[in-house]
Every structure is written in C-alpha cells, then in structure tokens.
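In what comes next, chain A is part of two complexes: it sits with chain B in the first one and with chain C in the second one.
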Partner chain A sequence: MTAWNVGLALPEWILAGAGLLAMWLDARTPPDKKDGIQNVAWAGVLLATLAAVFQGVRLWDPGDSVAAGGGKIYAFRGHYGLDAFAVFLKVLFGVSTLLVLSLARSWLKRVDRGHGEFVMLTLFATLGMFFVCSVEDFAGLFVALELVTVSFYCLTAFKRNDERAVEAGLKYVVLGALASSFLVLGIAFVYGGTGSLDFAALRSDDVAQDLAHGGAPLLHFGLLLVVIGLGFKIAAVPFHVWTPDVYEGAASPVTAFLSVGSKMAGITLLLKVVRACLGPGGDAGLAQATPWILLIACISAATLLYGNLGALWQGNIKRLLGYSSIGHAGYVLMGVFAFDQRGVAAILYYLTAYLFTVLGIFAVVVVVSRQTKSHSIADYAGLARRSPLLAFVLLCGLLSLAGVPPFGGFFGKFLVFQAVVGKGTPTAYGLALVGAAGVVISLYYYLVIVKRIYMEEGVSEEPIVPSRGMKAVLYTCLAGVFILGIWPSPFLELAQRAASALSSAS
Partner chain B sequence: MRAIAAATVWADNTPGDYLPLFLLLGLAVLLGATQLIASHVLGKRGVPSPAKDSAYECGIEAETSAHTRFSVKFYLVAVLFILFDVEVVFFFPWAVFFGSGDPAGIFENRQALMQFAFAEMMVFLGILFLGWYWVVKKRALDWEEA
Partner chain C sequence: MNELTYAIFLPLVGMLAVLLTNKEKPQQARVVGFLFTLVTFGLCTLVALQCFNAGDVDGYHYRVQAVWIDLGGSFQVHYSIGVDGLSGMLIFLTGLLGVCAALASWNIKQGTRGYWAMFLLLHTGVIGTFASLDLFLFYVFWEIVLLPMYFLIGVWGGPRRRYAAIKFFLYTLFGSVFLLAGILVTYFALTATGSGFAGNPFSIPEITAYARVTDNIMAPFGESAHTIATLVFWGLFVAFAIKVPVFPFHTWLPDAHVEAPTPISVILAGILLKLGAYGMLRIGFPFFPKILHEMAFYLGVLGMINIIYGALVAMAQTDFKRLVAYSSVSHMGFVILGFAAMTPESLNGAILMMFNHGTISGLLFLVVGVVYDRAHHRDLGRFGGLMWNMPIYAAISGVAIFASLGLPGLSGFIGEILTLLGSFKTTFYEHAGLITVVCTIGLVLTAAYYLRALQRVFLGETNPECESFPDVDTREIGSMVPLLVPTIVFGIYPAPLIDLIQGPVSSLVLMVKSLG
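So, the complex of A and B:
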C-alpha cells in the first residue's frame, strides 16, 4: 500500500501524453492540417487500451505473483488500485472511445473548426474514465469524475454557433454543477462520519454495522448525497431532467460518447462506492439495510418507468435515445439493487452489450442525418431501401436495446433479471415486474421505428452510402451485438471474474 | 501513521460535534429572515419617493441602457485569468507541505519528499505552460485580431 509503483498507471500515462501531444500539435498546425491529431488520438487510445489488456492478462494469470496477492495492486501509495474490475471497465472505455473517434472522423470533415479541441477533450474525458476505474478514495473519485464531466460540458456545446447545442451545454453545466455540489457535500459528510476519504474506511465491520442498522446518521446522509451526485451522471430519475435536452442538442458523436462513456463512468463509481458500503465480506452494510434496498428499488423502478414511458411520445431519434438511455440506467440500477457479485457481473455484461448497441445506432444516426439533415424519426421511413446496411444495423441495435434474442442486449437483461429474482424478496419480485413492464413498453417504441424503416415509403429513394470508416464502425458494432448475444460464455466469464475481483477487494 | 490515528479519533464523533455548524446555520437563517421581515413591516411598499428611485448609495446615475452588447473577448480573457489564477492556488498547499517537512510522515526521508515534490511541481508546471503556449498560439490573447 505504501509503494509508489508509478508504472502501474501506464494506460493513464499514455492517455495523458496523447492528450498533451494533441494540444501541442493543435497549437502548431495550421487549421487545414488537423488530421494528424486525430491519428495521434487514435493511436494513443489504442495503446492505452492494449496496455490495459496486457495488465489484465497479467492480473488473471494464476501463476503470476500479482494474482497471488489477492488480485489487486496499488500504486501512488494506495490511492490508485488495479484489479480485474478496473481492467475490464478500462477496456470497455477504451473500445468505446476508439469507436467514438472513428465515428467523429467523418463527422468532423463537415465541421470547419475546432478539430484539435474535439480530439483533446475526448482524450481528457477518456483519461478521466480510466482514472474512474482505479480511484480508491473520494478525493480521487471527485477529480476523476470532474475530468470526465468538464470535458463533456465543452463537448456538448462544441457546435458553438448552433443555438440548441449551446442551450444543451448551458443546461448541462448548470445542472452538472448542482450535482457536483451535492457530491462534494456528500463526500464531506462521509469524511465526517468515517474520518477518512478512503473507500477502505467504509469497508470496516463497524461502519457496516452502522449502515445496516441505521447508526451514524451523518454517514447515511453523506452517502445519500453521493448517490444523488452519481445518480445525475447516470441519468437516474429524479436526477434525469437534463438528459433529453442535452442528448438532442449535442452533436451526434458527442451524444454517443455521453450515453456510453459518461454513463459507464457514473456506474463504475456507484459500484465502487456501493461495494465499499457492503462490509468486508460483501454481504453486510447496505445489503442488510432495508431503507437503502427500498430506496435503490424505488429509484430503479421510477427510472425504468419514466424512461420507457417518456420515449413513447418522441419524434426526434436523439431525444428518444435520451429517454431510452434513462430507461437503461433503470436496468443497471436493478443490478445494483441485487447488492451482490451476480448483480455486478450482470451490470458489466449489460454495459458491454449496451456499448456496441448504442454506438452502432449512433453511427447510423450520424450517417443518416448527414444526408437528410434531420433527426426526425419520420425521415427514417424507407431507410431499408436507401441503405440496407444502415437499416439492418438499426434493426439489430433497436432489438438489442429492447432485449430480444439473439442480440447482446437480451443476454444483459436476462442476467440482470436473474440477479434480481435470485434475491427472492417481495421487493425484488416487484422490481422485476416493473422491469418486465419496461421491456414491453420499450418494444413498442423500438418496433415503431423498425416498421418505419422497413414497411413505410420514404420521401426520398436516394441511396445513403456510409464512408469506409463508418462502415468499419457499423460492422464492428454489429459483430459486437451478435457475438455478445450468441456466444456469451467467454465474455460472461470475464465479467464474473471482474465482479469477483470487486467483491473480494481488500 | 499519525493520519490513521487522527482517523480513529474522528470516527468517534457524534452529531453534537456539528453544533457550531448548526448554530451558524441558525444565525444565517435568522439574519436573512430578519431582513426580509423587517423590510416587509417597515418598508412603505408601493409608495414612490425620489429617494427610492435614486441609485443606491455609491452608485452612479445610469446614462444609457445596461443592455448593450460588448465584446466576447472580455469573457475570454476573464476566463483565462481565472483559470491560471486558480491553478496558481495549487502552489500554496504544495509550498506549505514542502516547508512543513512532511508532518504526517508520508515519506521515508527528507530526500524522498524533495524528489517527489520537485517532480510533481515540474509535471504541473509543464502542463500549465503547455496550456499557456496553446492559448498564445490560438491567439486568444490578441486583442486586435478578429
């Protein structure tokens, strides 16, 4: 715990270096020669992801000295921890950033300025996401989360001449600042309750007793505020108000990154904090505190219903995806509600499938809106004839979001429901019922879009041809969605190992 | 180790330790409420008078409408000023920690502390100066240029 072990943060060093290099290059190159910066960013994120994979291989090798020591290594004197859980999520963040950068490449060609800034902000946001996976105390939590969020404030208002983008950016920054102040106040109260900023301080037997039986009211209050702050980031009801407006106003690649990266960062931190509140063995603390169980169940149920019901009336595809993203936060919270290893594994699998599904759909949105100059769902009519590939990716993506086999989203939902029903309490059954209702509602609005694409006549028959880079993104996401649905076992095993690393974290 | 000892002391705290905070909160609420209620009771609302329409105390009489547009450059320079100003605040805890000679005993010896502090400040300054270089190159500080 006392070693510096600076080299352990290799992926972060690479990302920070790439971000600063991009800044240096951006300052030095003329406005029309910014493609090199995008290559630097791509290479940087790829290298960082590979470094994370390499660390994961070492962590999971049972013969390795690291795995023998409990599967978790610390750096920076215990303020930075690396285990299978962190590595799993870092790879997810790396893959999603690579896909977003590829998505943005063709989109940036239509933007006349700010290419360097876009790349820099994306890199710094990714750096924040990587740190999010490894933080071991509340100070680190706040700094890492703000690194992600502040980058996203700027990215949201990136199209500074577009009124709606600026409006979205302003709404996001005002509500985000409010949520951050809740988070900081919560951290202050938790510090007051435990006397330490370390997550480890929450994990003691005494604190677990307090949490389970309602002792230490200020600690409870602090944790409540922390949950509110993180609930904002993952767009859980009632902290969701910003979501549809920001999703609609921001540029499509930014919305894609926001719905995958920012949400996953919030979920990662929520899981880490909740795990710390479950006592040394992982089955005490909040897992025995009925009010907390009910609270998470209520937030989850409200999020499920609000997201899915709100999506019913949307005519704009990005707004619809915003509401659907609220709904998906509800499914993830169902996994949190389980308060056990199975729930965490289900969430990790869910996020993996969600990443490919959502980025595939946003790739379609970027390509289609480029030609039609519209985000209206009505303009997707007859897409199947204009581009069979785009229509098929959208079909698979929407069905995967709805949770229809054989797509990845089905398996994620299945695992989440399994984890919840496995609890066997009346609350769990109730929550599972609400979740099932959400699935049924979501099927309706997803299938309405499918009907438009395949069965309705469009205004135009002009074919839409995605660029080569976009095709690569589309095929990657399609492959991800199918593989995760048909051949889940290797990925499920990885998710389970990551979940057990989080559970046993000492 | 001393940090951990302090932590155990803190862990024994009670809500009573927050009494000064609650007193402060009570005073703040009281102050605000008194002013609101006093102005409500004492103030002659709806009765115009020359004193009410005049600029408050040291204010200057308005000559034109305040709703005019002014250059966005003011905001840019102000934001950059705040950014660099706030970054410099980081020097203070750094200097205090450096000067206090590591009272919590985080480092093995004085040399380890100095090495770390020096490396950290160099990294920080490197990033700060890269940001400054970027700002200059982006011509954000050129007032004349459009």
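So, the complex of A and C:
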C-alpha cells in the first residue's frame, strides 16, 4: 500500500500524454490540417485501452501472485487501485471513446473551428473516466469526477454559436455545480464520520455496525449527499432535470459520449461507494440497513417510470433518447439494489450492451441529421428506403434498448431482473414488477420509431449514404449488439470476474 | 445436429439467401423463398413421421442438448430441443401452412425480398418455439416470432396495419413479461435451498418430471409457496392466453387478422394461436398440476365465455375476415374448455381441434383472400351468388365453412364432439356438465353465422358487382388443396392424429390422475 508504483497507471499516462500532445499539435498545425490530431487521439485511446487489456490479462491469470492475493494492486501509496473490476470498466470506457471519436470525425468536418479542443477535451474526459475506475478515496473520487464533468461542460457548449448548445451547456454547468457541491459537502460529512477519506475506512467493522443500525447520523447524512451528487451524474430521478435539455442541445457525438461515458462514470463510482458501505464481507453495513435499501428501490422505480413515461411524448429523437437514458439508469439502479455479485455482474453486462446499442443509435442520428438537418422523429419516416443499413441498425438498437431477444440489451435486462428477483423480498418483487412495466412502456415508444422508419413514407426518397468511417462504427455496434445477445457466455464470464473482484475488494 | 435442428435453422439460411437475391427481380426472391419453405415442409413432415415411433428414453425424438450460455453454478442455458407427438404435429402444421401461405404470397408486389425474409424468419421462430425443451430457449424463440410478425402486418397489411401491428406486439410482449417472470421465479424456487430438485432448472422435461413427484415446486418459499405457485400459474396462463387468445385478452386478434395480408392471416390463425395453447400444455399446466386442479373451473368458464362471446360477436360482423377472426376466438374456446376438463377425450379433442382449426381457419382465410383480391372489399352485404360464376371456389369454400361449423365427416366435428364429451363427464372440476351444456349453444350460434355468411356470399342471384370475377386459378387452388385434403381425410379418419398425440395426452392424464 505504501509503494508509489507509478507505472501501474500506464493507461492514464498514455491518455494524459495524448491529451497534451493534441493540445500542442493544435497550436502548431494550420486550421485545414487538423485531421492529424484526431489520429493522434485515436491512437492514444487505442494504446491506453490495450494497456488496460494487458494489465487485465495479468490480473486474470489465476497463477499470478497478484490474483492470488486478493486481486488488487495499489499505486500512489494506496490512492489508486487496480483490479479486474477497474480493468473491465476501463476497457469499456476506452471502446466507447474510440467509437465516439470515429463518430465525431465526419461531424467535425462540418465544424469550422476547434477541432483540437474537441479532441483534447474528449481525451481528458476519458482520462477522468479511467481514473474513476481506480480511485480509492473520496478525494480521488471528486477530482476524477470533476475532470470528467468539467470536460463535458465545455463539450456540451461546444457549438458556441448555437443558442441551444449554449443553453444546454449553461444548464449543465449550473446544475452540475450544484450537484458537485452536494458531493463535496457529503464527502466532508463522511470524513467527519470516519476520520479518513479512504473507502477502506468505511469498510471497517465498527463503521459497518453504525451503518447497519443507524448510528452516526452525520455519516448517514454525508452518504446521502454523496448519493445525490452521483445520482445527478447518472440522471436518476429526482436529479435528472438537466438530461433532456442537455441531450437535445449538445452536438450528437457529445450527447452520445455523455449518455455512455458520463453515465458509466457515475455508475462506477456509485458501485465503488456502495461496496465500501457494505462492510468487509459485503453483507454488513448498508446491506442490513432497510431504509437505504428502500431508498435505492424507490429511486430506481421512480427513475424507471419517469424516464419511460416521459419518453412517450417526445417528438425529438435526442430528447427521447435522453428520457430513455433516464429509464436505463433506473434498470442499472435495480442492479445496485440487488447489490451482490450477481447484481454487479448484471450491471456490467448491461453497460456493455448499452454502450454498443446507444452508440449505434447515435451513429444513425449523426448520419441522418447531417442530411435532413433535423432531429425530429417525424423526419425519420421512410428511412428504410433511404438507407436500409441505417434503418436496420436503428431497429436493432431500439429493440436492444427495449430488451427484446436476441439482442444484447435483452441479456442485460434479464440478468438485472434475475438478480433482483433472486433477492426474494417483497420489495424486490415490487421493483421487478415496476421494471417489467417499464419494459412494456418503453417498447411502445421504440416501436413508434420503428413504425416510422419502416412503415411510413418519407417526404424525401433521397438515399442517405454513410461515410466509410461511419459504416465501420455502425457495423461494429451492430456486431456488438448481436454477439452480446447470441453468445453472451465469454463476456458474462468477464463481467462475473470483475464483479467478484469488486465484492472481494479489501 | 439432426433434422429438427435443420428444420429450425433452414428458414434462417433461406432468409439470408432471399436477401442476397436481385432487388430488381422480385421473382427470384419468391422462387428462393418458396423453395426454402418447401424443403422446410419436407423436414417438418419427416420430424412428424418420426413421432409415430416409440419415443426415446424421455419420450422425445431428435433430442439435442448442448450448453449455450454458462453462467457458472446452476445457471446453464442449453440449446435443448426435441419433439413429441404434440409438438411434432404442430411442427408439421407449421410446414404445411407455410407452403400454402407461400403460394398465397405470390401476389405480394411491394418489397418482395423483405417480405420473404420476414416470412422465413417467422418459420424459424415458430418451429424453434415448438421444439424448445429449455425454458430460456423457448422464451427467446417465442420473442423472435414477434418481430417478423410485426413487420409482416405493419408493412404489408391493410389500411390500419400500423395500429394493428403495434397492438399485436405490445399485447404479446406484455404477456412475455409474465412468461419471463414465471421462468425466473421457477428458477429460484428450484435452486433455493430446501428444494428437492437436482436437475437443470431450465429443462422443461426435468421440471415436469419433478412437478409430478413433488407437492409444489415452489415449496422452498415456505408458507407463501402456494400463493406464489398460484401467481406464477396465472402469470404463465396470461402469457399464453394472450396468444390463444382467451377473453378478455383477445382484442388484438380481430385487428391483427383483419389488417394482415392473407397469407399472414393464415399463419396467424393457423399457427400463432397454437403457440399459446401449446405453451399451456408444455409449461403452464405440467409445472403446476395441483394449481391447475384448483383453477380448472375458472379455465372452463373462460373457455365457455370464449365460445359464446366469440360466436355472438362473429354473428354481428359484416366484414367477412372479421367474421372468420371471431370464429377463431370461439373455436379456441373449445381448446381451453378441453384443457380444463383434463380427461383423455377432452384432451384428444382439444389437441385435434388445435390441428384442425389450423387447417380449417387457414383455408377460410385463403377463401376470404380470394374474394378480396377480386372485389377489394370484404363486405358480406355486397356479394351474392358467387357459386354461379365461381363454382370451384364455392365448392372449396363450402367445405371450409361446413368443416368449421362442425359438420360430421369433416375434420372440425371430431375435435368439438370429443371435447364436449370429455368435458361433460369430467370430475376434474365442479359444474363441468353445466358449463359444457352452455357451450353447446355455441355450436348453434356457429352454424347460424356461418350459414348466413354462406348464404349471403354464395347463394341467390349473382350480384352485378361480382359478375366479372374469374374463378380460382391454379395457384390459388394449389394453395388451398393442401389444406383441403387434411380437412376431409382427418374428418373421415382421424386415427393417425390421435395415434400421434397419444403419448403426450396419456402423460397429461396421468399427471392429474391422482388429483381426482
């Protein structure tokens, strides 16, 4: 725990280096030759992801000394930890950034300035996400999360001549700052309660006793504030108000990144904090505190219902995806409610499928809006004739979001429901019931889009042709959605390993 | 890998083949699609014939079991398939109706490739559902059926197709949620400590066998075991009842049937409705025999409502296709009535009814399709005297209508009479006699609305509007004859069908024997 071991943060070093390099290059290249910066960024993220994969291979080897000793390696004197859980999420973050960068490429062509900034901010946001996976104390949590969030503030308002984007950026900053202040205050109370910023301090036996039996009210209050701050990031009701506006206002690639990267970062931290509150064995502390379990169930149910009901009346596809992403946060929270190894594995699988699904859908949105200059769902009418590929990706994506087999989203939902029903308490059954209602509601508004793209005649018959890069993104996402739905075993095994690393974390 | 696996996945290969055909030449897609349907039919027939032989150890043929998803521990999903007489019969029906529907699909002009691709995907879903012996696999195939059906109704259907397609999808998915919930609760009950079950908690045959020797498979839930079992029973029932459809979950059916193109109505009425009834016999009832015994009365009442209500509503229809659609509701009521009674006669009758309703209602929808192709409307008031200028058509229609209203000598009769006989004398639930007597009123009502329709369409003076209608052509006859033959043959000699389902029926009867 006391070693510096700085080499362990190799993926982060690579990302930071790539970010700084992009900044430097941006200052030195003429405005019409900015494509090179994107290549640098792409290569940087790819390298960082590969580095994470290599670290993962080592952690996964059962014969390795590290895997044998609890599966966690520390660096920076214990403030940075790496285990299978962190690696799994880092790879997810890396893959989503790669896809977002590819997706942004054709969009950036139409943006006259600021290519370097966009790339740099994306890289720093990714750096934040990587750190999020490895933080071991509340100070690290705050810094990593702010790195992500601040980058997103700028990215949201990136189209600075667009009123909506600026409005969205401003809303995001104001509400985000509020959430951050809750978070900081919460951290202060937690520090007051345990005398340490380390997650490990929460895991000690006497703190677990306090958490389980309602002792140390200020500690409880602090944790409540922390949950509120994180709830904002993942857009859980009632901390969701920013979502539809920001999703609508931000540029589509940014929205895509926001709905995948930022949300996953919030969930990662939530999982880490909740795990820390469950005592040494994972079955003490909050796991025995009924009010907390009820609270999570209520937030989850409210989020599910609000997101799915709100989406019913949306005419703008990005707003609709915003509401639907609120709904999906609800499903993830169902997994948090179930918080055992099965629940965490379910969440990880859910996120994997969600990543490919959502990015595929956003790729379609980017390509279509480029031609139609509109995000109105009405303008998707007749898409099947204009581009069978785009229509098919959208179809598979929407059905995967709804959780229909044989798409990846189905397994995610199945595992989450399985974990919740497995709890066997009346609350669990109730929550599962609400979740099931959410699935049926969501299917309606997804099907309305499917109806438009396949069964209605559009105003224009003009074909929409995605660029080669976009096609690559579309096919990748499509393959991801199908493979995760038809052959889930290998990914599930990885998710289970990651989940067991989190629950055995000491 | 065996013929059953081929029968499931050959249509999927066919779908890809159809998508590779030339977009500008729709005839290619038709020919390729039809050939794949035909070969699939051949495989289905082979599978069904095999079911006449004595079964393997656990009573299923073509058994395949391979691990598909392995989550460690007891959570192992298998690609586990096999057929017994019941599923073999229904798979045969699927192949048969597939060929007829394929012939009737020849005049689909728009988006031919897409149509045939969806048509073949539907086959994979349906045959897969009938063949699945793993709960999870069953669920996946069950859902796969939805998607092509949604498109087939929504893209190639009538004026209100979009509404009908979404309604169909949402209704069925609503049921699927209960199915999934039921599967999960069953899984947890079987793997919980205190459960005596040692097998695979997704395997349908193993759970069925376990349910037979144990009091309640939900026993590990302790005091609330009975309540939970009842809830799961009804949850599964709702999931399947929506497909059947059982009143009050039937309202999607008239819309879907009426808006769907003719060949899809054929498949919808002929096969998809049977998926629901099949699910009850394969999963819903065998898992909870005791609950079935307690609830049989309500099932009987639901069957009765279906019969009477469906017939009454059919009487009020002026649209020929809607009339046939409501007659399906009424006829499926007999199936539910037969299930509720659980006697050998009633089960034989109900299962025969499933098969015969498949061929007869398929034929009826083809009949409606023929006249719709010519008149472009289905208003019963605007036909008349078609028998004079369309004699062959009138003859075929006559057979279909008389078979459907249960004329002895045609296949509709045998199922109805066996169901009513078995239901009348059953001791499985109280007041069965009374319920059965009320149901016989349905026979009279059925005769009334069918004879009235027959009269208004075929008899009397030829309506001037219809004078120019040509009689059915070779392709149309070709699509009807394969359904006409079993209607007549199994009407006169139903023994082969009864032989085929003997095994499944006797094991169902055995299951409830000790319950009274």
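Everything below uses one rule, namely that the second predicted complex is superposed on the first by the 506 of 506 C-alpha atoms of A that agree within 3 Å, B and C clash if a C-alpha of one lies under 4 Å from a C-alpha of the other, contacts with A are read in each partner's own complex, and residues count from 1 in each chain.
The working rule: a contact is a pair of C-beta atoms (placed from the backbone, for glycine too) under 8 Å apart; a residue touches a chain by one contact, two chains touch by 3 or more.
Source: prediction; values computed, not measured.
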- Query: For A:W42, is the partner it touches chain B (first), chain C (second), both, or none of the two (neither)?
  - Reply: neither
- Item | Partner chain(s) touched by A:L218 [first = chain B, second = chain C, both, neither] | first
- Applying the touch criterion given at the start, work out whether A:Y444 contacts chain B, chain C, both or neither, answering first, second, both or neither. second
- Item | Residues of chain A touched, compared between chain B and chain C (which is higher) | C
- Query: Which partner does A:Q418 reach: the first (chain B), the second (chain C), both, or neither?
  - Reply: second
- Message: Output check: A:P406 vs chain B and chain C. Expected answer is one of first, second, both, neither. What do you get?
- Response: second
- Message: Quick check on the superposed pair: does A:P488 touch chain B, chain C, both, or neither? Answer first, second, both or neither.
- Response: second
- Touching both chain C and chain B, counted on chain A across the two superposed complexes: none
- Item | chain A residues within the chain C interface of the complex | 399, 404-406, 410, 414, 417-418, 421-422, 424, 432, 436, 439-440, 443-444, 447-448, 450-451, 454-456, 488-489, 492-493, 496
- Item | chain A contact footprint on chain B (complex, rising order) | 6-11, 13, 15, 18, 106, 127, 130-131, 133-134, 137-138
- chain A-facing residues of chain C, complex: 68-72, 139-140, 143-144, 146-147, 150-151, 154-155, 161-162, 165-166, 169-170, 173-174, 177, 180-181, 184-185, 187-188, 221
- Task: Flag every residue of chain A that touches chain B in the complex, lowest number first.
- Result: 20, 23-24, 26-28, 77, 192-196, 201, 206, 217-218
